[in-house]
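You will see chain A twice below: alongside chain B first, and alongside chain C after that.
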Partner chain A sequence: MEFLKELFLYPGLFFGFILGGLLEGVKRKLKAKMQLRIGPPITQPFYDLNKLMVKTITKPYGVAPSVYLLIPFIPTIALIFCFLLMPYPFYQEKTAFSFDLILVFYLTEIPLLAQIIFGYFTKSPYGMVGAARAGQMFFYYNALFIMVITTLSLLGDPPYSFCIKTIAEAWSPLDIVIKLLTLPFFVFAVLPKLKLNPFSIPDAEAEILEGPLTEASGLALAFFKLNYLLELAIFGSLFSFFYLPVLKISPQIGLILLLLGAFSLTFAFGFVENLTARLRLSQFSSLYLNHLIPLATGLLVITWILKTW
Partner chain B sequence: MLLDPIKQFFRYSQKRSLWVFHVNTGSCNGCDIEILALFSSKYDAERFGIKLVGSPKHADILLVTGPVTSKSRDPLLRVYDMMPKPKAVVSVGVCSLSGGVFAKSYNVLGPVDNFIPVHVYVGGCSAHPNMILEGILRAAQFLSEEEELWSF
Partner chain C sequence: MLKLAGWLLKNLFKKPLTIEFKGKSLKEVRTTYRGYPTHRGERCVGCRLCIYVCPSDAIRIEGSLFIINKCKCTACKDCADACPFGAMQFIPRLIGTAISKNEYMEITEIKLVKCENCGEPMPKPELLLERLLGKPPKNIPSYLNLCPKCRRQQI
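Moving on, here comes the complex of A and B:
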């Protein structure tokens, strides 16, 4: 019973859904305000999701309906489990789960893999191009993300634990400096993961309509949108755990700080999204391969030297 | 009886989230530019939850501009079939209503409502963004009236 409560209420589905929806709502509102518009209400993502749930499904010819719904549904389960692997206040004290960062990293990749499979599976040319672009980008930003989490795993005691709780509790002066240095790389790894500008290459509306989700409709699209909201909540929470002393203070203030951190990250993402135009795939790969990944590798080596000696 | 509040909740969401797909079946682009203006800072259709989408499979409302021509008839019918229910159609501009200045041209087959059901007509050459906005909001009423919820 306790497990079901954690899975569906806090810190599972309900918490993630509400937090993700509000984050997306704030992001859209910020975008509107920056363009001198009133913009949609902050609750707009919830209306969108509710509406999609009651729409009919128009699947492409020759596609099995069960598989059409199963592909977006599997990542939803993976992402709900992701919340159980993070040391949320009021939850981390009583759970038996280890807060494994590698597992969180793998589970957060499942939505993207599902989108790539969906893009190819539905046989839409736009879906296929979007899926191919998402697949190409996948290797670049994940290499950067691995560098960031490996660097962060060296902090705290014991090192190489890849435990989110250990990293969140590492606040020595050296840890703070290293954490601050990893912050830009974290942002550059998460922006393309969430397909936000300037890295919204797989969803480039003007060229390839809705990318891998072109053929998604009704409940299938609702699941994809839900996955996106859950991803927003997960990365917002990860940011708070890594870069804010959420676990060093009382759980009540820790939870408020965690939410503030998540909203700040989304605010920053919304700001960047508005100020930048979409890059080409070649520019994206050049930026990551020639600049960001070598710099992040250098930071990893320096951290390793500092921590070992 | 118990489901009524849930149904009302979903119907309210349907009216607050209107995803629009735009098809030009042969217009001069005047109405298309007015539709683009609808999403700019001045008219800000997004404040009503209206969003322009790139795929008809995501759309609730179809905006059609221009008269139907022999080349655009089949794509229009395909796009209409692709849209999931509940759906509504808004015919924008005098050309899509009657053919306008293009009526009786060699390649013009007729107004939009000869081919697909149209729920709201927005006149004008070109149609004013405020009128298009009102047309979309009126079409939202049809979304919740025409189809039964949970029809899948």
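Moving on, here comes the complex of A and C:
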């Protein structure tokens, strides 16, 4: 019973859905404000999702309906479990889970893999182009993300681990400096993961409609949108755990700080989205391969030397 | 890029240039707006003239049901012009987004009267008289309550 409560209420589906929806709503509102528009209400993502849930499904010929719905549904389950692997206040004291960052990393990749499969499965030319682009980008930003989480795993005292709780509780002066240095790399790893500008290359609206999700409609599209909201909540929470002392203070203030951290990351995303135009795939790969990945690797080596010396 | 960043941050504290839609729902339309057709079942005789003239194949009759597909309708008003009994009416109402395709289908029942003798469905006699005389009839002769077949038999 307790497990079901955690899975579906806090910190599971309900919390993630509400937090993700509000983050997306605030992002859209902020983007509109920056462009001197009024923008949609903050609760708009919930209305959108509600409408998609009851809309008629228009699927391509020759695609089995069960598989059409199963592909977006599997990542939803993975992401709900992902919330149980993070040390949220009021939850981390009583759970038996180990808050494994590697597992969180794997689970947050499932939505993208599902989108790639969906893009090819629906046989849409736009979907295939979008899926191919997403597949190419996958290797670049994940290499950067792995560098970031490996650097963060060296924080705190030995033995070093990929436990999110250990990273969140590491606040020695050296740890703070390393955390600050990894911050831009974290943002650059998360932006393409969420397909936000300037890295919205797979969803290039003007050229290839909606990328891998071109043929998604009704309930299937609702699941994809829900996955996106859950991902937003997960990365907002991860940002707070890594870069704010959420677990060093009382749980009540910790939870408020976590939410503030998530919303400030969303503000940064909205600002970057407004500020930049979409890059080409070649520019993206050159940026990651020539600059970001070597720099992040350098930071990892320096951290390792400092920590083991 | 720094200049743009400055503008964007300043915009956060400025008033928006766009204005909020006051009516909340689109009730008011321009006087020149024609709108979409609505079928009045009580004035229909099922003559199928509207189906014949419709260029976009938006109207069909299934049994006693009259179906208008507003997804196909181009609001050309040919059906209303062709209908001899004024059963097709254009109402200047907007049609917006819908959750299901069925919401764009207008289904009404054609209300025919029954022959007093054999019970066969037939057009309302007052509609025919109105068409013939150009005004609503004061009283209807009893033989008009029979279908053409029964009328011929009685003669």
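Operating definition for what follows: the second predicted complex is superposed on the first by the 306 of 309 C-alpha atoms of A that agree within 3 Å, B and C clash if a C-alpha of one lies under 4 Å from a C-alpha of the other, contacts with A are read in each partner's own complex, and residues count from 1 in each chain.
Everything that follows uses one rule, which is that contacts are C-beta pairs under 8 Å (C-beta built on N, C-alpha and C of every residue); 3 or more make two chains touch, one makes a residue touch a chain.
Being a predicted model, the structure only gives us computed values, none of them experimental.
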{"item": "Combined model on chain A where chain B meets chain C, clash or fit", "value": "clash"}
{"item": "First, second, both or neither for A:A277, with chain B first and chain C second", "value": "neither"}
{"item": "First (chain B), second (chain C), both or neither touched by A:V54", "value": "both"}
{"item": "Chain B versus chain C as contact partner of A:L219, first or second or both or neither", "value": "first"}
{"item": "Chain B versus chain C as contact partner of A:L30, first or second or both or neither", "value": "second"}
{"item": "Contacts of A:E210 with chain B and chain C, given as first, second, both or neither", "value": "first"}
{"item": "Greater residue coverage of chain A in the superposed arrangement, chain B or chain C", "value": "B"}
{"item": "Contacts of A:I38 with chain B and chain C, given as first, second, both or neither", "value": "both"}
{"item": "Among 20-28, 74-82 or 110-118 on chain B, the segment whose C-alpha atoms clash with chain C after superposition", "value": "110-118"}
{"item": "Intersection of chain A interface sets (partners chain B, chain C)", "value": "32, 35-39, 51, 54-56"}
{"item": "Chain B to chain A touching residues, read off their complex", "value": "9-10, 12-14, 16-17, 19, 41, 44, 46-49, 53-55, 57-58, 60, 81-86, 149-152"}
{"item": "Partner chain C, residues of chain A touching it in the complex", "value": "30, 32-39, 51, 54-56, 271, 274-275"}
{"item": "Contact footprint of chain A on chain C as seen in their complex", "value": "1, 4-5, 8-9, 11-12, 14-20, 99-101"}
{"item": "Residues on chain A engaged by chain B in the complex (per definition of touch)", "value": "28, 32, 35-41, 44, 46-48, 50-51, 53-58, 126, 205, 209-210, 213-219, 221"}
